[in-house]
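After this come two complexes, each holding subunit A, first together with subunit B and then together with subunit C.
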Partner chain A sequence: MLSYIIRRILTAIPLLIGITLISFFIVQIAPGDPTSLLMNPDIKPEDKVKFIEKYGLDDPIYIQYFKWVGNMVQGDFGNSLLKKGTPVSEMIMNRLPNTITLMIAATIIAIIFSILIGVYSATRPYSKSDYLFSTGSFLGLATPNFWLGLMLIMFTAVNLEWFPTGGVADLDAPFSIWDRIHHLILPAFVLASADMAAYTRHTRSSMIEVLNQDYIRTAKAKGLRSRKVIFKHGLRNGLTPVVTLFGLSLPSLVGGAAIVERVFAWPGLGSLFIESSFTRDYPVIMALIVLSSVFIVIGNIVADILYAVIDPRIEY
Partner chain B sequence: MTKINTVNESSTEALLNPNLNRKPDTMFKIIVSKFFKNKLAVIGLIFLTIIILSAIFAPLLTPYTPEEQSLRDRLLPPSSDHLLGTDKFGRDIFTRILYGGQISLLVGFISILGSVTIGAIVGSIAGYFGGIIDSILMRIVDTLLAVPTLFLLITLVTIFTPGIDKLIYIFILFGWLGTARLVRAEFLSLRTREFVLSARTMGVKNRSIIFSHILPNAMGPIIVSATLGVGGIILTEAALSYLGLGIQPPIPSWGNMLQDAQNYTIMLKAWWYPTFPGLMILITVLSFNFIGDGLRDAFDPKINE
Partner chain C sequence: MLMSALLEVKNLKTHFFKKKQVIPAVDGMDLTIKKGETVALVGESGSGKSMTSLSIMRLVPSPGGKIVDGQIMYDGKDLLTISENDMVDIRGNDISMIFQEPMTSLNPVLTIGDQITETLIAHQKLSQREAKKRAVELLEMVGFSRAKAILNDYPHRLSGGMRQRVMIAIAMSCNPKLLIADEPTTALDVTIQAQILDLMKDLSNKFDTSILLITHDLGVVSEVADRVIVMYCGQVVEESSVNDIFENALHPYTQGLINSVPSIDDDIDRLESIEGNVPTPDQFPTGCRFAPRCPKAFDKCSLHMPTLKKIDERSIRCFLYEEEQS
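Right, the complex of A and B next:
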């Protein structure tokens, strides 16, 4: 097991190198040189030379790459081209807690609902409620999440005024946990919706398969209560495919978070990324691409390890 | 020789049940009939046909043009004059949805054609040759798949000014990864089959083995993933256009119509404005998903009606 974990981490290293290469060179192909973005055009030529030397812009491209990666490993992501050169790491740390809150809330919602609905449907396959939930997950997979967000804002926030239309907290109110949760419900639900649909379908089909196994029949024949059979004997086996799915759905969770943050004016990393794209603030863009990819790679490793923990039959 | 032949023929004829004597259905016929027995798939096909036809024949279906503004008719509710109401510039929403459909479907179909072609070529080469070629190609695929695609799309779209053609190039650039993996997996299992071995012993060239012997056998999964992929591209295009990074106004697209509609007053007074473009995306993507699922079942020989 330990050797598997180590091997799994080692194989991630070339992946991480590839990711830094992609995010570095994607920005290199941008037209125009970085000095034109940064300085006013009337700057004195000797100041321009100083600037180029300071940021090492006349270095060969591979030296620039290694410098960038080297600084990044030490936690220095460079400075924003705008906003008076604020360090990128500072901008990220300001926004990070909001994104983490949103993602964790969405993941919890997605997992709880999909397990409940999936198990419920699996125990009553082809019943009316099963069809109802199946239709629901079909719809969930085809609904653009930003539109679902708009619809919820329109009906429940603008017209019924049950929820705020966006943001993390009321601007003029003192901090309160209820206020935070009140702001979190809609975006977290919207972000959860797509994954919820996918997880529900997988939980359902894998639970149906598991519930037909001999050991389930044995457990029932022993006279165990059916709830215990389903949740103790069935669910653990039925969940393995869903764990893999969780790893696979991380990229869409990160991308989806960006759009949902935009819809709900949620000041997280996703909206920071989109704002930086509009202003072409390349250091921020590069840092966020690398960080989100690293997060996805780590998430996949964790999912693989979890898979082994849940299913002891798997040997490495 | 002749004697043996006649004996064989007569004995087989005797054994054959007259009902089995008919010509067997072709693979194509079986798949088509299985597909049409799937209700959801047929519903999807009908909806999609209507959507495609109404997008193509948009000028015949509506008296308005998508860019025609009429400031007197701002934010009118649905009526017989304006089936789905009007937007904040008094443009007819039904008209804009039809014309927007042209763009969304065009981007979806061209991008999927391009990316499936590239994915099939990369996947077949990796799966057929294996070894170092396979390792290199699949590491590239793995790396690109680890980066959130939406972030790469957004970055590239902002680097190049957004436009329909660039949007299609960028979708193709990142759309082939899934197909490549799928085709590679098919090739890994197909390349050891007897028909490939016999083709190779007969001296058939690699290129011809790949494209005329193995690839046709992998067509089922490719078609299924392409069908589901169109829906995915339409969703992504809508998201980018909603962010203001896709199709640029005044050209209508389902996504940029929703961008216009995110406004407090509009949401309070004109529910039809943000509702219908999104509903259109939902119905279209749902149709592609139903058709894709139907095709998957139809191509699967293990599933019999």
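Right, the complex of A and C next:
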């Protein structure tokens, strides 16, 4: 198992190198160069040369690439082109906890609700409540995040005033967990909605299949209570496809976070990404692309490991 | 043989409902199992043997299947009228069951130990540790030499024969009064078959457990059964002691079954077979259900359904013998 994990991490390295290459050269291809973007057009030519030398902009491209990667490995993502040259790593570290909180909350909501609803539907297939939840899932799958977010803000935050309209916390209130959770509920629910729908569909169909297996009949014949039959004997078998889906849906979680963060004015990496794209703050964009790729790669490794934890027949 | 009845099935009807069609998988089944006795339930595929056993456990696949009529008397209670909670206490404890497919009957994601101990914990209220100790004893009882190591193994590491032993260990864990074995050896190699049958026979003698053995293998029947019940199309067609059946089968269907078993002594080119197939329930004939395939059928057979008649210690559903009696 350990050797498998190490192997997976090693094979992820070429992938990450590819990602850095692509994100680096995309920015290189983009029109314009830092000098024209950053500097006063009336600057003296010798100052311009000084600037170019300072940032190594006259080096061959591959040298620039290695410098960038080399610094990045040491945790230095360079400085923002705007915002008075704040280090990118500092900007990211300020935003990262918010995004992670949001993603974890969304994942927990998606998993808990989808398992409960999926199992409930699977034990009563083709009943009225099953149809109701199925319709709900399809609606959830079909509804765009930003629209759902805006609607929820309009009805539950503006009209009913149950929730704040955005942000991570009340600005004028002292720190409190409840206040944080209160702000978290809507964006986390919106971010969870699409995944929740997909997980529910998969849990339902895989549980229906599992509950018809011989070992479920055995468990019943042993005289186990039906809750134990479903959750102990059924669910662990039924979860395997859902775990795969979880690994696959991480990218959409990362991408979805950008939109949801924007809608709810959530100061996370997603909104940082959108802001930086508008202002063409290339070092920030590149760092965020690399970072989210790392997230996704790690997520997939975790999903594969979870696989083996759930199903002992899978041995690496 | 003056033994009291352990389980009495009376006029059991288990039907399947498919769209507007009603499929009588079990259609008026009577069955009595005495204490310590091994009863074999024999018949071709689709004759309703498995559904009878699942009905006794109240595990008929649902939605679709439903027990529509009858009584299953056990220990003074009708298993068909008690609550699901009371039934849960009986399953695995008083009446346990092993299945045909050892490869798929154990849960692939739980250890063998877990699957044995959970029954003990549920019914005998043992602690985790006591249950583990008992599980080792049970595994040794069914012939595992390294029982302790097996506890932490997963089913996919065991062979079919070993898994069936584990199933037997689970089924015997609470000293049940009745063990229902639904074709327990069908999926196994011949040598393993004999071992498993011996094991079941041993255990039933040791613990005075009755066995309801469901099989289509007459070789197995002759080896272990005391009494034989032959089913055809959801009904009992003949019932008698194992000796009588093999020496003097009365029902033409039973005779056909016995004649279609190859014998090592006779030197024949072709095996005898019963012409035709078991009719599907929607094509049951109006009279005797075996009539269309019966070599001895006469006019009356295709018009009326014969009743199950008692002749001495045996029962038979055939007009050939009704005439004799009257």
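Here is the rule we use: the second predicted complex is superposed on the first by the 316 of 316 C-alpha atoms of A that agree within 3 Å, B and C clash if a C-alpha of one lies under 4 Å from a C-alpha of the other, contacts with A are read in each partner's own complex, and residues count from 1 in each chain.
Criterion: a residue touches a chain if its C-beta (ideal position, glycine included) is under 8 Å from a C-beta of that chain, and two chains touch if they have at least 3 such contacts.
Just so you know, these numbers come straight off a predicted model, no measurement behind them.
Novice: In the superposed model built on subunit A, check whether subunit B and subunit C fit or clash.
Specialist: By the criteria stated at the top, subunit C and subunit B fit after superposition, with no clash.
Novice: More residues of subunit A in touch with subunit C or with subunit B?
Specialist: Per-residue touch count on subunit A favours B.
Novice: Between subunit B and subunit C, whom does A:144 touch in the aligned arrangement: first, second, both, or neither?
Specialist: First partner only, subunit B.
Novice: Determine, under the contact definition given at the top, whether A:258 touches first (subunit B), second (subunit C), both, or neither.
Specialist: first
Novice: Centred on subunit A, what angle do subunit B and subunit C make, from Cα centres, as a multiple of 10°?
Specialist: Taking the centre of subunit A as apex, the angle works out to 80 degrees.
Novice: Should A:217 be classified as contacting the first partner (subunit B), the second (subunit C), both, or neither?
Specialist: second
Novice: Can you work out, in whole Å, how close the C-alpha atoms of subunit B and subunit C get once everything is superposed?
Specialist: Between subunit B and subunit C, the minimum C-alpha distance equals 15 Å.
Novice: List the residues on subunit A that touch subunit B in their complex, please.
Specialist: It comes out as residues 14-15, 18-19, 22-23, 26-27, 29-31, 138-139, 141-144, 146-147, 150-151, 153-154, 158-159, 165, 251-252, 254-256, 258-259, 262-263, 273-274, 277-278, 280, 285, 288-289, 292-293, 296-297, 300.
Novice: Which residues, counting only subunit B, touch subunit A once they are in their complex?
Specialist: 139-140, 142-152, 154-159, 231, 235, 238-239, 242-245, 258, 261-262, 264, 267-268, 271, 274-275, 277-278, 281-282, 285-286, 289-290
Novice: Which bits of subunit C are touching subunit A when the two form their complex?
Specialist: 57, 59, 88-93, 96-97, 99, 101, 104-110, 118-119, 122-123, 154, 156, 167, 170
Novice: Report the residues of subunit A in contact with subunit C in the complex, numbered from low to high.
Specialist: Touch list, subunit A to subunit C: 213-215, 217-225, 228, 232-233, 236-237, 310-313.
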